[in-house]
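In what follows, subunit A forms one complex with subunit B and a second complex with subunit C.
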Partner chain A sequence: MSEVVAAEIQTTHIIDLARSGHRLDGRGIDEWRPVKVEPGYIKSADGSALVHIGHTTVLCGVKLEIGKPFPDTPNAGVLTTNAELIALSSPTFEPGPPQPEAIELSRVVDRSIRAAETIDLTKLCVTPAEKCWTCFVDIHCLDHAGNLIDAAQLAALGALTHATMPAKRFGVGEHDFPLEVNHFPVECTFVRLGDKIVADPTFEEEAAGQGRLTVATDEARNVVAMQKGKIGAFSPDEVVETVERAFRHGDRLRSLARGT
Partner chain B sequence: MGNGQGPRHRGRDRGARSPQSEPKVLVLPGDEIPDRGLQPGFGTYRVGRRLFVSIMGYATWRDPFVRVVPFAGRYIPKPNDVIVGVVQDVQKTFYLLDIDASRWAPLHTSGTPWEPGPGELDQYLRIGDAVLVAVENLDPTGKIGVTMKGEGLGKLSGGTLATISPAKIPRVIGKAGSMIHTITRLTGTRVAVGQNGRIWVEGTPDGIHRVRECLRIIEEEGQWPGLTERIEGFLQMTGPTDDTGPRPPGPEPVDRTQPERFDEGAPPPDDDPRAPSASPHIPPDETNEGEGPWEA
Partner chain C sequence: MGSVGAKEVPELLNAEGRRIDGRRLDELRQIAMKVGPLTRADGSAFVEWGENKVMAAVYGPREVHPRHLMQTAKAIVQCRYNMAAFSVDERKRPGQDRRSQEISKVITEAFESVIFTEEFPKTSIDIYIEVLQANAGTRCAGLVAASLALADAGIPMADLVASVAVGKVAGRIALDLKKEEDNFGDADMPLALVPQSGRLVLIQMEGHMTQDELRQALDLGVKGCRDIYEKMRQALRSRYDVPAGSAAPEVAA
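Coming up: the complex of A and B.
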């Protein structure tokens, strides 16, 4: 049971509601579910964060290890993002090799972290071409109630912001020190429901959605990454409006992830 | 445990009485319970002569079965359950329905009122259509046969679907349908309750929203006493919908033909899930046939 088709009477109801400015859970078109970020959730990880967006729950762990740089980037460390959509979190997920949804999730999160230059990879280099830090960002979806991308990105940012470089453990320094985070990208996902574009879609709204757009913004008001998903189109004006809305929500999400 | 002394009582008021049966006992997976000369039913298993529990819920002893009424969990089909399915695939001679169970259920054309030729099935139902069907048979391999033949069964047009944990469906219906009557009366909606936790609702957007809110309250607070009062209070506070017409002054008349409600902290008697709903889609006769655990 990988992908279940939602009932048509349900999707039309969601779209009809959106047309009159309402949503199933009573939120407004541009309103988010309650967001909660718990940094340092896993003690054994070098950095971690648990994020709740409504019932959606995502856990991210960051592991920092000493490894070998890639031959084509001898002066840079390595950043690896991986997402696990465990079968426990949704009936639509199955055990086994990563499904396209998991690959998309990890790549979209990775893209925003990389494109925003969240961490300066050259500073992760210890000895050029020989020794560098490898940063693993592992995202686990614990409960899928919609808008996984934003929750995963928020968890990744929260984990990175509170990560510690275990220099002592790997014998490359006297003391552990915090991972330097330079930029703070957050993603905002929108879904088209009829003529309305709603923020923070739920599982049902994603199923009913006629096009999905994710906008990653950083603290300097740059759009650092975007991702379009599902079948459906956005006009240029709608894209501009969506980006503006992403900026508006971005600052609040950023301060939640940074814990400020 | 394992000393055969029977289940422990956990917490206060866990042994609340319902009028016609003995105390319900909260059990956890692995607990040993006495069989009292009855056969192992749903949620129990035997090891030698001893009887153990496999799910969390209330243990009940009602001839001829010892069974556990679960607190939560996915829908497990039982024959004659009326459920809401969503067409996922249309084959040459049958439809495949998602019924929120462990697998999809085939609906053969023989179980529909139509007689389409091979390949003509999509003239009647398409992918994404919602249907009200009844579980007809369960074979030992786990295949779930459903039928659309029966009073009130058929395609669901208009309205929308709401969902709730299947374990909470008895709460949604209430004793002899009291809860669902209250909800439909005060929201001016029409409702068909599927035992698989899907509920079809038709009415004004506001009415549907209030039904949804009621379901949320039942889902979150269904295990506490006084549920019907809270639902009534909530619905009267949010006011009648436009199409319910003028209401009589004063408090809503309460149906006193039923004996006083038993403590709602305890699960309702086993036959309660099949109490008649307010829906014209589930006539009582249709829903009362499913008595007994599905292993029977």
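Coming up: the complex of A and C.
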């Protein structure tokens, strides 16, 4: 019971602060923690990126292998995204089969990449119905200090943007070549704290949050994916405003992932 | 979406502005709701929505299983969305796949936003949604069925939750997509609304929409939810034999 009381006191404090436009770590309502993208962090991967958003640290590795197309899409390669909330990254994560939180994380990241047509899957087909490239996007959460979705998605985009097709290793070409990336979706996540909607929530803010909204935008000013999570609600006007903010933040994050 | 390698794209919108099943852009499919069809559940509802058939049951508040999930200050809500193996064209492997688990999670969170869980500490409110026949929009149909089942079970809530999907079909914003429109359309956005507060408790979206289209889709979706809400209230009235038009009980803020 004491933990419940302590958590409630902190929640009340975080929401009171937000009401006057302040946050526990001194940021503004619309301010992000420092974001850093380190591409090519893992040599054994075909593409990788280590992303820090404040203390939150997420590593993504991309592996490309030759496999078989799905029977219903004989002319396309395969893209699979998996996120592991490994136990070293938070006292609340346990070893074992993926929990709903990890499943939601991988699916929300996957949705942004798929919906934005980041990779043209038909170009991953080698021989229709027989041979294609399978692109595994594996996300490892290393330090969970809040806003895992954005960190994971940025890591995935960073890893794909800098990935190499290992054609030589699989005997389907003389030379390795870069994976073609056509679009650059990024996700921006916000949580409601009382009457304010704050960007890039920390772990404590997520716990205190009364609803979370993630918006994925692409470089051509489309919204490509959204996900509301956690207990709470948003009015349609708030959704529209949040989308506007996601566009504002998106371009900066996009250029970080692309290294431009 | 997911149309990679798809063979032929059907004509989704004809010259008269009619959709593949003859509907206008802002028109819902036929919906029938029945409250309380199951005898053993504390509350239940069956929804036929276009070619979707979805059953929902609510048990509780009851003892929490597994026990370690118990919370001292409030009830927990456990929702399980499940699709029957025979509910789709190609047999679906039984059990919870990742899609079902994600849907279960967002539906649970939608209901936890309206149920007065603090009135039933140390208990569980269990919601089961079984999709028996699927034709796009099953999570919305499931949410509507579960909402009615919660009301049927007498669980105190701020309001009924109404739900519908909006999307983009042949470049136009359309209400309540059916399967072909979902498969070959440009975007899909399931929404759930708490009508009395005007706030959304479930928002998902996939596809391509500009900011203007998104605004338009939200407006159309909210309007659709309000129509569904009226049908839900009628279904509850007919279950408990309250003549339509008599005053609805006021919901405390």
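Following the convention adopted for this analysis, the second predicted complex is superposed on the first by the 254 of 260 C-alpha atoms of A that agree within 3 Å, B and C clash if a C-alpha of one lies under 4 Å from a C-alpha of the other, contacts with A are read in each partner's own complex, and residues count from 1 in each chain.
Just so it is clear, a residue touches a chain if its C-beta (ideal position, glycine included) is under 8 Å from a C-beta of that chain, and two chains touch if they have at least 3 such contacts.
Note that this is a predicted model, so its numbers are computed, not measured.
Undergrad: Is A:S20 contacted by the first partner subunit B, the second partner subunit C, both or neither?
TA: first
Undergrad: Touch check for A:T73: first (subunit B), second (subunit C), both, or neither?
TA: Once the two structures are laid over each other on A, A:T73 reaches subunit C alone.
Undergrad: Under the stated touch criterion, which partner chain does A:A233 make contact with: subunit B (first), subunit C (second), both, or neither?
TA: The answer is second: A:A233 touches subunit C but not subunit B.
Undergrad: See if subunit A has more residues touched by subunit B or by subunit C, and give me that chain.
TA: It is C that touches the greater number of subunit A residues.
Undergrad: Regarding the shared-chain residue A:R258, is it in contact with subunit B (first), subunit C (second), both, or neither?
TA: It touches nothing on subunit B or subunit C.
Undergrad: Of the partners subunit B and subunit C, which touch A:L121 in the superposed model: first, second, both, neither?
TA: second
Undergrad: Tell me the contact category for A:A6 with respect to subunit B and subunit C: first, second, both or neither.
TA: first
Undergrad: Can you list the residues of subunit A that meet both subunit B and subunit C?
TA: On subunit A, the overlap between the subunit B and subunit C contacts is residues 1, 4.
Undergrad: Residues of subunit B touching subunit A in their complex?
TA: 86-88, 98, 100, 103-104, 127-130, 156-161, 200, 205, 208-209, 212
Undergrad: Looking at the complex, which residues from subunit C come into contact with subunit A?
TA: It comes out as residues 1-2, 4-5, 71-73, 98-99, 101-102, 104-106, 109, 112-113, 189, 194, 197-211, 214-215, 218-219, 222.
Undergrad: Touching residues of subunit A toward subunit C in the complex: what are they?
TA: 1, 4, 69, 72-76, 98, 100-101, 103-104, 106-107, 111, 114-115, 121-122, 211, 213, 218, 221-236, 239-240, 243-244, 247
Undergrad: Name, in rising order, each residue of subunit A that touches subunit B in their complex.
TA: Within the complex, subunit A contacts subunit B at residues 1, 4-13, 16-17, 20, 22, 24, 26, 91.
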